[in-house]
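Here chain A shows up in two complexes: once beside chain B, once beside chain C.
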Partner chain A sequence: MAVCIAVVAKENYPLYIRSVPSENELKFHYTVHTSLDVVEEKVSAVGKVLVDQRELYLGLLYPTEDYKVYGYVTNSKVKFVIVVESSNTSLRDNEIRSMFRKLHNSFTDVMCNPFYNPGDLIQSKAFDSVVSSMMVQAC
Partner chain B sequence: MADEALFQFLHNELIQYVYKSAEQGEMENGRCITKLENMGFRVGQGLIERFTKDTPRFKDELDVMKFICKDFWTSVFKKQIDNLRTNHQGIYVLQDNKFRLLTQLSAGKQYLEHAPKYLAFTCGLVRGGLSNLGVKSIVTAEVSVMPACKFQVMIQKV
Partner chain C sequence: MSIPDYMQCAEDHQTVLVVVQPVGIVPEEEFFRIYKRIASINQVSIRDSQRLLYIRYRHHYPPENNEWGDFQTHRKVVGLIAVTTCNSAKEWPQTSERFHGQKEVFGPTLYDSRLLVFGLQGEIAEQARTDVAFYSSYDKCEDVEKRVEDFVESIFIVLESKRLDRATDKSGDKIPLLCVPFEKKDFVGLDTDSRHYKKRCQGRMRKHVGDLCLQAGMLQDALVHYHMAVELLRSVNDFLWLGAALEGLCSASVIYHYPGGTAGKSGGRKPSVSQAADAGKRHRPGAQEVLIDPGALTTNGISADTSSEIGRAKNCLSPEDIIEKYKEAISYYGKYKNAGVIELEACVKAVRVLAIQKRAMEASEFLQNAVYINLGQLSEEEKIQRYSILSELYDLIGFHRKSAFFKRVAAMQCVAPTIAEPGWRACYKLLLETLPGYSLSLDPKDFCKGTHRGWAAVQMRLLHELVYASRRMGNPGLSVRHLSFLLQTMLDFLSDQEKKEVTQSLENYTSKCPGGMEVIALPDGLKLPPVPFTKLPIVKSVKLLNLPVSLRPRKLKGLLGQNMATKSPFIYSPIIIHNRGEERCKKIDFQWVQGDVCEVQLMVYNPMPFELRVENMGLLTSGVEFESLPAALSLPAESGLYPVTLVGVPRTAGNITVNGYHTSVFGVMSDCMLDGLPGVKTSGCVVEVVPALPRLQLSTSLPRSANSRQPSSGEEPSSSVSVQLFNGESQQLLVTLENIASEPLETLEVTSKMVNTKEKVFGEFLTWDLDGALSQLPLKPGQTVVLTVNIKVKLDFSGQENLFQDLNDDGISVTGLPISSPLRQVLKPRAENKPMGTESGKPEYNQVKMLEAVLHFKYSGGQGQVEGYYRELSLGVHVDVEPSVFFTRVSTLPATSTRQCHLLLDVFNATEHELTVSARNNQDVVLHASECQRRGGEREAM
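Up next is the complex of A and B:
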């Protein structure tokens, strides 16, 4: 399960970021921030060389010693980033994919909420609980 | 079939409401079109988020416009745009020969002057949808013969 989940707006500012409570929360923010460059790279490569790679799910962005970072970009250029622990080998690509799917569905609901202004921080409880269900339960 | 009528009725009432409250002096008349357009903008943003959820990433601007003409138009107006033209320099003209929100109005010249208020919401809808896909644009509409209308989309290059 994920240790950090983030939603980043079209203009690359965070809309939502949540990580497991730990002493180095800042590190996750840093990891997500760094991943945006990789996302940019992958998205701009679309339509040039790899025509068939037009899926919203971007796959593994980069592995670090302790974590693996996965990315997803919606058609509206909103980015989702999920960080999982490298030690967690039971997690398959398909499961990550379905996590992004669930995240995207929930985000769409937030966007269609008339009380939500596009571009604001996400404070929806429904979204919160979807994220909670995907986070590491232990702590 | 009922769901088609619902949107149309709601849309009609929306226009009535905006213009009625303008009459009562809550705001000046010229602002009505803008208000309707802004409502459409927000709705467009939400709709496009939902419609593009399962579609692959768009290749370019033309790809986006085709999506608007086909999928988006079909979902909202139950038909596709009849004709899409472009000068390949950021101007697109979307022609609908039987625009659904105008079909209930007389086909003659009688209500021609009222047509703009029935198009404002849709202009906003398109502009909102495009803006959420990262395409900034200006959308205007024109009517010459009643149920047919043309939307002109001008893409604003940064």
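Up next is the complex of A and C:
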């Protein structure tokens, strides 16, 4: 399961970022922040080819020594980033995809909330619990 | 080979390496001046062959890298230029010795060398030597460039001869095996006659010839040789050299495709016109050369590719292939631990090519690979260099965040605990360079628009590091500025604990170096704008306060109309409504007076979890000379809105604009402009200051009373006196007026107005004689004038309805009617005798009457009077009037005639004075104080 899940706004600032508490939180901030370079690159590359029906899932952004970083971009250019441990080999591409889909659905619910201001930090409890369900359970 | 050259790029493969070094004692400055002039000759066109020779200069080159010269000839030092100072002929032999010593270092690979001697004159300098040039001084060496060109040409001759030599090796001769340093021992005792070995030798030599061709400016030949080398080496699985051959192929193709070079600004290539024109042509002279010199290609079984002209396109790799081959080459290099540097450099070269091709994703893969290449134990300096270059390359491919990340790592490496002398300056400089990558600017103005949006955690970390680095650099001013910035912009993200820590350290720094509003300019040109603490405290509203009523300037009526007329020709226009948006600029409809203390009220609150001490808080104004009187305040933790009044004195007349306020918090002075503050409510910041007016202070001989009881009357007097008088009594009120302003009082008018007009008053209530006071005008500052006001109360106490009613009730009674004033203690006991139904304490029996009047003092003087302004001071006079006599008993006695009766009245003198009661028939009765007398009179019976 994921060790860090982040939602990044269209303007590339974080709307939501959560990592397993056992790890150094700042490290994941750096990881997600630098992964945005790759996201931007991939999005602009895809944009050239197919604008209308592009794949939201960006796949593996880049592997580091300990982690794999996956990306996903909604049609409104909100980015989701999931960091999983490299050692976790049980996770297939399909599982990652379904995680993103779940995340996207929950994010849509957040956006549907009339009391949520688009662009604000996400503080929804429902979203939080969805994220929690996808995170590695801290032991 | 352990030291990678991160600046390498693909086109470096076609350069020849020349080392320029000082010999003996050469002033560094002079050496680099000469070095620069030498280095400017980075490409020389060879006269006879129309080819270009590219030269790479180094002033430092590790000899162990030179040992890899056979592997890739551009790593081989082929030329040495030594620079030396020699002041006398005596030193010459020694200098010469040194030069030869220097030559020994690179000895085996050198094609040629030169010695530039500065300072030597005389006999020795006269001799004409090709390898030594004499100059009298560092300033007189005009032909250095010419010398270098000659030198380069001589190198070319050697290079060309070597190329031809190698390419035309006789088939019968044994081809020597070229190898890299770490391979040498592997080939000991190998069968040198096997086909396999021969092929290996051939392949390596082919590759080597390719290198030489490339250096000699024969691109097409080089491509052909490389292709053949690849085939040969692939068949014998000589991976290291196969990689080198592939890389050579890539380099040659890159040079063909990108004549502008891939190194960017750091590249030594001149993007000259001739270069571009050459690009298409360059292969041609090379090809001609092939045709002219058939021996180069036909002998030795290394059969000539006669189709080289035709197959040019085939030989040269396409841009996509270049990357594929680079990948392959790198994977081969990766098999050898000792070739780490080669692999790393190949990665860097490939990234530069990809950057030109704008294929960032693939470039990032190469870089990712480069990160993991292990070069063994690296020194700290090498680590810094490596991280910096990674950062630079990431920047090149547009990965600014990644670039910032590595730059920051490099910065941290500069001050790693293992380093004996941490380079805080370098660290700070690198950290500053990471700012754009974290989308952080050091200008607080970029943050005042709405809520902060960014990677707060990461940005905060960076700011903390900047603070720390600048402190260790010994520049507390910078630390203060960065820390202020951190506090101002990241306040919302700091936890309570962090807020405490940050402010504490800020206070520590400011105790050494107070923060101010000046722009700090860094040596490298970056300017750090000032950081005003607009959030400490947060100002919610700014309101300019009117002067107290008694000090407000009033405009003379006659002039008022004039003023209105100039504003607009319309009495009403709806357009004005639309201007409400610019409330901030709106003029307020009251005036301040020059020389008088004016107030501005701010509503502030403290967002910190502890008490906030704000010192030296004052107003910033423009338009009028303004003397601000700073205040100090202490706001409790997380206070709610808290009113603060800032005061100041305008020193000249005109329109004053309140632009902002200044504070000093935690030792940091800040000027906060209202324009830059979001969410500040103001009702206008421009107010007119009218010229100075005199100011009167009023004191009276009678005690002051609390302010008027009916404040609803709007224009309540600023002060009032109250006095108790008996009816008919008069009293003198001395009003002392002191001019406490600096303007002379020139006019004074006094009017009075009754407030309570219900009562019927006989005569004048208040009278005064102004002439005496007026004669003292103009009243200089500090002088006083005394005005005597006579208070005279004459009220009609008769005819009170209640009294009549009582009389009527008791009309038939022969006993007297007690009329008592329930308020008077003396009379209280008599109340028992009163008939039932007339209870004491009933309000209608209150016979104390109240008289109120307001005295208005209208005065003016000085410049203000010229402008038509005056001031009004008012004094309320409150008089409680008590009746002086009471008729305590009324009774009738039958008179002599039945049509008449005697009316007996008991008259009581309530005063402490003697008084005279007059009746119609002129019978005056003198009543002493508190005396009661019976008076009789004949009255007609009704």
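Annotations for the structure displayed:
Criterion: the second predicted complex is superposed on the first by the 131 of 139 C-alpha atoms of A that agree within 3 Å, B and C clash if a C-alpha of one lies under 4 Å from a C-alpha of the other, contacts with A are read in each partner's own complex, and residues count from 1 in each chain.
Note that in this section contacts are C-beta pairs under 8 Å (C-beta built on N, C-alpha and C of every residue); 3 or more make two chains touch, one makes a residue touch a chain.
Nothing here was measured: the structure is a model prediction, and the numbers come from that model.
When both complexes are overlaid on chain A, chain B and chain C end up sitting side by side without clashing.
By the touch criterion defined above, A:T108 reaches chain B but does not reach chain C.
In the superposed pair of complexes, A:D93 makes contact with neither chain B nor chain C. By the document's definition of touching, of the two partners only chain B reaches A:T74; chain C does not.
Taking the C-alpha centre of chain A as the apex, the lines running to the C-alpha centres of chain B and chain C meet at 80 degrees, rounded to a multiple of 10.
By the touch criterion stated above, A:E11 is placed in contact with chain C alone, chain B being left untouched. Of the two partner chains, chain C is the only one that A:D37 touches; chain B does not reach it.
Using the contact criterion defined above for the overlaid structures, shared-chain residue A:P118 touches chain B, although it does not reach chain C. Within the superposed three-chain model, A:Y62 lies in touch with chain C and out of touch with chain B [touch as defined at top]. Least inter-chain distance for chain B and chain C in the combined superposition, rounded to the nearest angstrom, is 12, based on C-alpha atoms.
Residue ranges of chain A in contact with chain B, taken from their complex: 10, 43, 46-47, 51, 54-56, 73-77, 104-105, 107-108, 111-112, 114, 118.
By the touch criterion given at the top, residues 42, 45-50, 52-53, 55-60, 132-134 of chain B touch chain A in their complex. Residue ranges on chain A touching chain C, taken from their complex, read 9, 11-14, 25-26, 29-30, 33-34, 36-38, 41-42, 45, 62-63, 119. Every residue of chain C that touches chain A in the complex is listed here, in rising order: 360-361, 364, 368, 394, 398-402, 405, 438-439, 453-455, 457-458, 461.
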